[in-house]
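When the chains are written out, they are named A, B and C in that same order, and each has its own residue count from 1.
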């Protein structure tokens, strides 16, 4: 796998990420339009209109806001998503194939703890702060299962390097023999993007929660950041569990793209179809059922690896 | 040369944000200034080619600070500008203690006869670092960590006013626990 | 100029509308919601999210000052419009959109706004501001309050009740402490829920003392309207009573579903409601309702996430406690039966029982978190219109 750590490629990666996120948003617009009784086509452009609207809208300030921390929260999501793309392989290319790519990805999604809480805190608004609290209590539930879900492919590949994990799936995709880890990872991606059904931090019951006080370009950054995070999550799941660019006929970069889009569409479609999972209900299930399941999955993989040697 | 400049810059960031912890006037800012300090230290570790330890430091510290911010604010005040509050207390003793600690550690750095590297480490740096630091004490470390963990659990159990008999009944035979606040499990 | 124009054109295809419903004007609000769906516009969740402020009906004094407050919090470009009767909805939205697209008017508006003061305040504290702007106003329950030490009352971001001795920057009073439900001493924050919140009863305000997101104490009231809506459909029209049950129940069920975070089911309930409003055949609606009841009833996730949340049934909680989920399913079933022609005459909810329900509400939500409280309040069949009208009459 070739490492391409130079500014031009990094810029291209950012552009690809942006386009994929926009496509995801377009699909979401279509789903919404369908459910509201309009043609799906009419909703496809709604993210573009939304973009125009937010570019035209003014920014706001609230009384006694902690503006510095608030703006850090607004811009942070996009930054985190971009930092994640550094270790995500696109076909046989990867920006920075560092030896601890998986840990890097994990460290970046922990940064979201800070970013989303700051977003809620900075505005000095009760609803925003409640949103921030909700995200953190959800994070405490999903983070450990997520870590073990990420450890599992690393154990199978004997490496924390993303390219090695992709190479280790030559023949058998990891999703086949570690489905639990795959599902936990996907759920965690939805959760750290604060996306429904794990989207109570921005729920309408608290007037949009972490979004309740932001407008204009700040809001644009946050919404775009959430789509970008969902997209990077899908792309990383492809590398970790779905064999990366492996596939017949088509070139590997196209396979990566197709698999990522497919997974992204599934995430987007789920948003509309499921009721919200409240953090207070999630905690017990995550710690008493999901975490042991994740550990068992890791144990199973570890035994297979040791025996298979 | 560039590496030296970057390293020094990170060191300055780490110290400056460390100072900021005591100079800012809000809990949130103090907490996240500390987080920045740790992130800078993590980045410096990365420059030693200790990828794993560097990234893990960043991961752990940001997570810890996020949780710490909640606790501090839960007990100390809810809205951000709620009243600028000083981040220093008991100045005289704090100064004496911190200066003493600094002198002790700095003296240690300068006076301890560090072993000269026999050969430059080969293979996995993280593994060889662990081997060097803990090689002979691995058994102690392995025993200490479960004990620490058990201590945390025990402290939680003791602090919790409601035990399992409150939840599951005197004979522990209730089908679903009796909780003040419902969780996700139980009928 | 071309780019600016095309951005404005694009923005006008996806306008976000903040709705303020005056008690009694539910039909107008529903008509606006239906129109938004038709146009592919969106209901805003907060003032920061809004381009157009639509006030449905004639708000009373307090609600009007809340509207003014919300208006001042909108980021701009912005426009506002008042809609009194259903048939005006479409033209009103058109004219508001025109104003929104008019760059010169928007620039004038922006220039006229005060720049020294940050525009955004907690929308949530707006009720108290309304009270502060008009000290001694009848109908506001602020007798025990003393705001005399608050510099520039407009700046207060947090509503307060009894701690008046200290105030922090920007005139924001210090949070005080109180034991929470577990007996720990925690900071408390006084936050009024409503009257401008998504999926909320019109005109309702619940003043809460919050520990984090847990409600310590609550007090509920309804802000009155300035008058009584005109043009309600005559009671005896074809299937009038049944239709009204379908509309009312679907509206309420849609609210609960939306608060449970299930947008597709909420939209389905809303579409059935709007079809009933414009006179679709009740038999068709019955079939759609049956199918919705099946979908909602089958969802294990919904059952799990709403488990054990009690519903306020009328004023008296008789018999087995009913959960919010069961209550919402009952509403949908009742709507389906009504659509099928069953016309059991419901005892018209009289003002006295409504007042009792309003009084019972705080006890139900104290000790719960905000999310649970919102579900409980949404599932309570609170007819704020009758309360507001009786309240308005009392004050005159």
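The definition used in the following text is that a residue touches a chain if its C-beta (ideal position, glycine included) is under 8 Å from a C-beta of that chain, and two chains touch if they have at least 3 such contacts.
Note that the structure is a prediction, hence the values are computed from the model and not measured.
Asker: From chain A, which chain is the farthest off, judged by mean CA positions?
Answerer: C
Asker: Between A-B and A-C, name the chain pair that shares the greater number of C-beta pairs in contact.
Answerer: Between A-C and A-B, contacts are more numerous in A-C.
Asker: I'd like the most central chain, judged by C-alpha centroids against the all-protein C-alpha centroid.
Answerer: Taking the mean of C-alpha atoms per chain, the most central one is A.
Asker: Whole-Å distance, chain B centre to chain C centre, using C-alpha means?
Answerer: 44
Asker: Just curious, how far off is chain B from chain A if you go by their C-alpha centres, in Å?
Answerer: Roughly 26 Å, centre to centre.
Asker: Taking each chain's centre as the mean position of its Cα atoms, how many Å separate chain A from chain C?
Answerer: Between these chains, centre-to-centre, one finds 32 Å.
Asker: Mind pulling the residue numbers of chain A that touch at least two other chains?
Answerer: 64-65, 124, 133, 280-281, in rising order.
Asker: Quick one: which residues in chain B touch 2 or more of the other chains?
Answerer: 78-79, 81, 182, 184
Asker: Two-or-more-chain contact residues of chain C, please, as numbers and ranges.
Answerer: Where chain C meets two or more other chains at a single residue, that happens at 157-158, 169-170, 172, 189, 212, 304, 307.
Asker: Note which residues of chain B are touching chain C in the complex, please.
Answerer: Those residues of chain B that touch chain C are 74-79, 81-84, 161, 180, 182, 184.
Asker: Along chain A, where are the residues that touch chain B in the complex?
Answerer: Residue positions touching the partner: 64-66, 68-69, 98-100, 103-104, 106-107, 110-111, 113-114, 117-118, 121-122, 124, 129, 133, 136, 139-140, 143, 160, 280-285, 288-289.
Asker: Contact residues on chain C for chain A in the complex?
Answerer: So the residues of chain C in touch with chain A come to 6-11, 13-16, 37-38, 40, 45-46, 48-49, 51, 73, 75-77, 110, 118-124, 155-158, 169-170, 172, 189, 191, 197-199, 210, 212-213, 257-265, 267-268, 271, 299, 301-302, 304-307, 369-371, 374-375.
Asker: Can you check the complex and tell me which residues of chain C touch chain B?
Answerer: Of all residues in chain C, those touching chain B are 157-158, 166, 168-170, 172, 174-175, 181-182, 186-187, 189, 212, 304, 307-308.
Asker: Report the residues of chain B in contact with chain A in the complex, numbered from low to high.
Answerer: Interface residues on the chain B side: 26, 28-29, 32, 35, 51-52, 55-56, 58-59, 62-63, 65-67, 69-70, 78-81, 181-185.
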